[in-house]
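Both of the next two complexes hold subunit A, though its partner changes from subunit B to subunit C.
Showing the complex of A and B:
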């Protein structure tokens, strides 16, 4: 009975892991990149200058600009620059038609001149972040697919713990240079050593989409009024409606200071000004997510915009909000400083490596059986092609995305869309290449191309912008320098991988040629 | 976070040495039963105690998260070092143990 159970679990682990492995690899890698979303955006919009942080100056600049450009907007959103994202971002919702939702217009301002920065159009790190849960599919299909993938990941983790029963006994074991054995050791090592992260990230992703996945408990306790549930979990700020009489908005600086006092020095994430041109204007100062591990969606202080009177301070979180918020906070890692952020990144890479090694093991095990026959069965060939395109191809696609950012002209129409197109075109081409080329040779070529593209990124950056490594390191712009250096490191890693592949491909090719010769001789 | 890292790394190294196979690989001998017990107790103690500096350096929530991260990464580092640079892995643990009182002093 026990063995039967374990075998069933092994079966589930093998097949669930295979079918969703390719997708999960992409989700994990892009999700891992999202930990440096702001830094990637900074690299992809080098026109946005980083200044020493000065919230008062930024706030005044934003208010001056918005008062000139959008005095009668329905709402202003001001996101202050922080140590990771140097852009002072303002957004407003125009107020043309009271019945409909107005359009949102967004600008990035220079906090010193309070003029919009003419930055190149680019999604930046937001692309990876969006992709890792929307998969570039129309709403809600992408979210559903990624949530299903997360569920499968959770199943694969649990069944994996049961299947590889020796992982806790062989906790410290990794034996390199032993072929299949090493892949399995590596799979187990990155699996078990970083297991808390894997479980947390997978489970929390399900919690984040819980209302979509499991509406039943919400419907059961709140009836059809799911609004009531959201009000409890994400306490909304009920703002007074506009009265239709013009009013004068007070400077936002003192409200900002007063809000920080309320939070014992906590940081401000953004400010929302409702009906800025009305006598009934209200200002919500929202706390930064970076302040605490447990994310609080509604932590804000509200003021009357024309009198400056403090209207409301959001209370403590309710228990469900705190539980949901802690999973959300842990998953997103907004609170993480530079060191912890890098640890998050490494954990994410370990998860990606676990999925990748699992895919390699699946194929390697089955290839052994067909080592003696010349042609691989169709299904193994299919897995090989998909493995190559989903792993090496994705690396090429990511590099191509960065290259497109630097090479597409700034004035190009629909520029940011074309960056995304480049990503998918490169990915598609790598799939085509994988179909056309033989196994190992294809791997070597794709890994080499990826290596070349990544290694050259610092050079590309130096040639196309004025922010090369010498400048960014000297000025202490760590986001810019870190991006270049990380690309360089990824390129070197891919070079090493390609070299490893090449070295193991060479004897095999020789053997194949020798076999071909003997076959010919036999025919003769 | 540094002190927690040093303690976690040393703790995992002690636990690793408490197994016959790794003790043999690293020190070329079989551990005696009392030695094995000492290593095991020391390893678990170090791991458990390493939570204190992580929490003391910041608040509870942040500290626990940092502790988990350091715990995972120190084990990962050790396991990757063991097959390639076994001596370095041991030296690091020794240096970590020697340096941790200094790091602890800096924390106080």
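Showing the complex of A and C:
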């Protein structure tokens, strides 16, 4: 590597981007969908009914249900409904074997009847959210891989900025219909336009898992006792152990009200009840993440569950914790209202597009050299296949996931798992198809199929539920209508892309013919 | 800098060596830098640890950039291991001071 600094950085950008590009594309696209995770869940479980928010009623319903179902659990978690997520979610950790960590059981309740909601089994938007950092791998491998991908993304971003020296001048350069040039201009434009978002989202993803991927400082300062670190950072998780004597848990409502007083009217996100059946029960009322940009895991008020005595109010965050919390809060975007949420979504799509155009450029540049020869070298063909399956194929897989949600019978055993299976089967088939079909044709076919699947989703919804666009728009159910309309828009975009792909070969021929014609005329 | 079949084996080994220096050496350096911050920062123990972890990725990035920007693979290793050794010494002193 005898070239200058910028060439070396361009090399690093190219290869780091290529090797992790496919994975990053999937992470970015599913992560972008996660900004509408509750809305997607609402579409995928149309049976869950939304009521006007009434925390007191929800809390009483959850407590009644948990007292009946899990009076001796190790821990209860109650997540209250909010304006985006109408479900009252309860979870408990069983206590069958005190020596081991108990299993978690989760149910979504109807806040009025305090019975589990009879909805079709589906992961909903949670699937995309989980996939984007766990990659469907066992714990903790998926988290490690996605964090490694984030580090590569960080390197690719910074080296991209270094490579792209004339960052502001070039930003105003867009040369449409110029093939390779247009792709590069597009790559640069989306890269620069949402650069603050890219830097924020990438660095924050590293910060979110920092205690997992960078544990050395914890070990150096705390030795083997890493619990001590978490107890110092989140004092309110340090709850009293069970005494082993049965106790009676007080109603949670007054504790909820007292906690809100402490926060000057701030909202409650969830309640954690430790050892609910014990005399030493404790209740942590945790503040809602949607209240502030700076996320504070430890922001909670603790009570003694049997006497109702206020035990602790978490203090203000220190500066480093607040910086970490703002990274977390900005990444998750819990605080974002509808406008800001759409802005997040658009920025996420821009990031996805930046990765996608980068992959296309890599291949396009190298394909030019082999345009004359019939056979493509193996490595270029490999990249082409992976490009197709990772981009067009992923779109098909996402659409297939939604189709499965509507077409699998509600009573089907392990229905939710089968939805996920459908996603991966569709993705696998698209990979197979990409292997079998030649480049451009494969693209056109996959994009067309994706377009068809997405465009038809509003229709499918109308045929299988009573909540089609006419109903959802009229009743102001914006999550339902927005989902249908976004699918329609995605379908139209894919149609346009397929049409472009189809025509790409034609204009070149036409141009050549036209040039021949003018030459002839000049000769005459 | 495309890897053509004509590229000599020496070149490929050099690139592999740089990648290892960047990934493994870079992680080592970033970890040690984070440990130094955690031990030496004049803040509470938990805050110093958080700051160390949070800033470690910038050290990692710098190490990676160095490994591919310098002239030879040997320099890549040298440029990563020298700061690592310095951070390790500092961390050692810090640990010794907290233990005694």
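We adopt the following convention: the second predicted complex is superposed on the first by the 492 of 524 C-alpha atoms of A that agree within 3 Å, B and C clash if a C-alpha of one lies under 4 Å from a C-alpha of the other, contacts with A are read in each partner's own complex, and residues count from 1 in each chain.
The rule we apply is simple: a residue touches a chain if its C-beta (ideal position, glycine included) is under 8 Å from a C-beta of that chain, and two chains touch if they have at least 3 such contacts.
A quick note: this is a predicted structure, and the numbers were derived from the prediction, not measured.
Contact with subunit C, but none with subunit B, is seen for A:151 once the two complexes are overlaid on the shared chain.
Using the contact criterion defined above for the overlaid structures, shared-chain residue A:318 touches subunit C, although it does not reach subunit B. Which of subunit B and subunit C touches more residues of subunit A: that partner is C.
Look at A:339: by the touch rule set out above, it reaches subunit B but stays clear of subunit C. Residue contacts after overlaying the shared chain place A:206 against subunit C, while subunit B stays out of touching range.
Residue contacts after overlaying the shared chain place A:159 against subunit C, while subunit B stays out of touching range. Look at A:8: by the touch rule set out above, it reaches subunit C but stays clear of subunit B. Of the two partner chains, subunit B is the only one that A:347 touches; subunit C does not reach it.
Counting contacts by the rule stated earlier, no residue of subunit A appears in both its interface with subunit B and its interface with subunit C. Every residue of subunit B that touches subunit A in the complex is listed here, in rising order: 1, 12, 15-16, 19, 21-22, 61-62, 65-66, 68-73, 75-76, 78-80, 82-84.
Remark: subunit C residues 1-2, 30-32, 34-35, 37-39, 43-54, 56-57, 60-61, 64-65, 68-69, 71, 91, 94-95 touch subunit A in the complex. On the side of subunit A, the complex with subunit B involves touching residues 171-176, 189-190, 193-194, 196-197, 292-294, 326, 330, 335, 339-340, 343-344, 346-347, 350. Those residues of subunit A that touch subunit C in the shared complex are 1-3, 5, 7-9, 11-12, 151, 154-155, 158-159, 203, 206-207, 210-211, 214, 216-218, 220-222, 229, 232-233, 318-321, 323-324, 327, 366.
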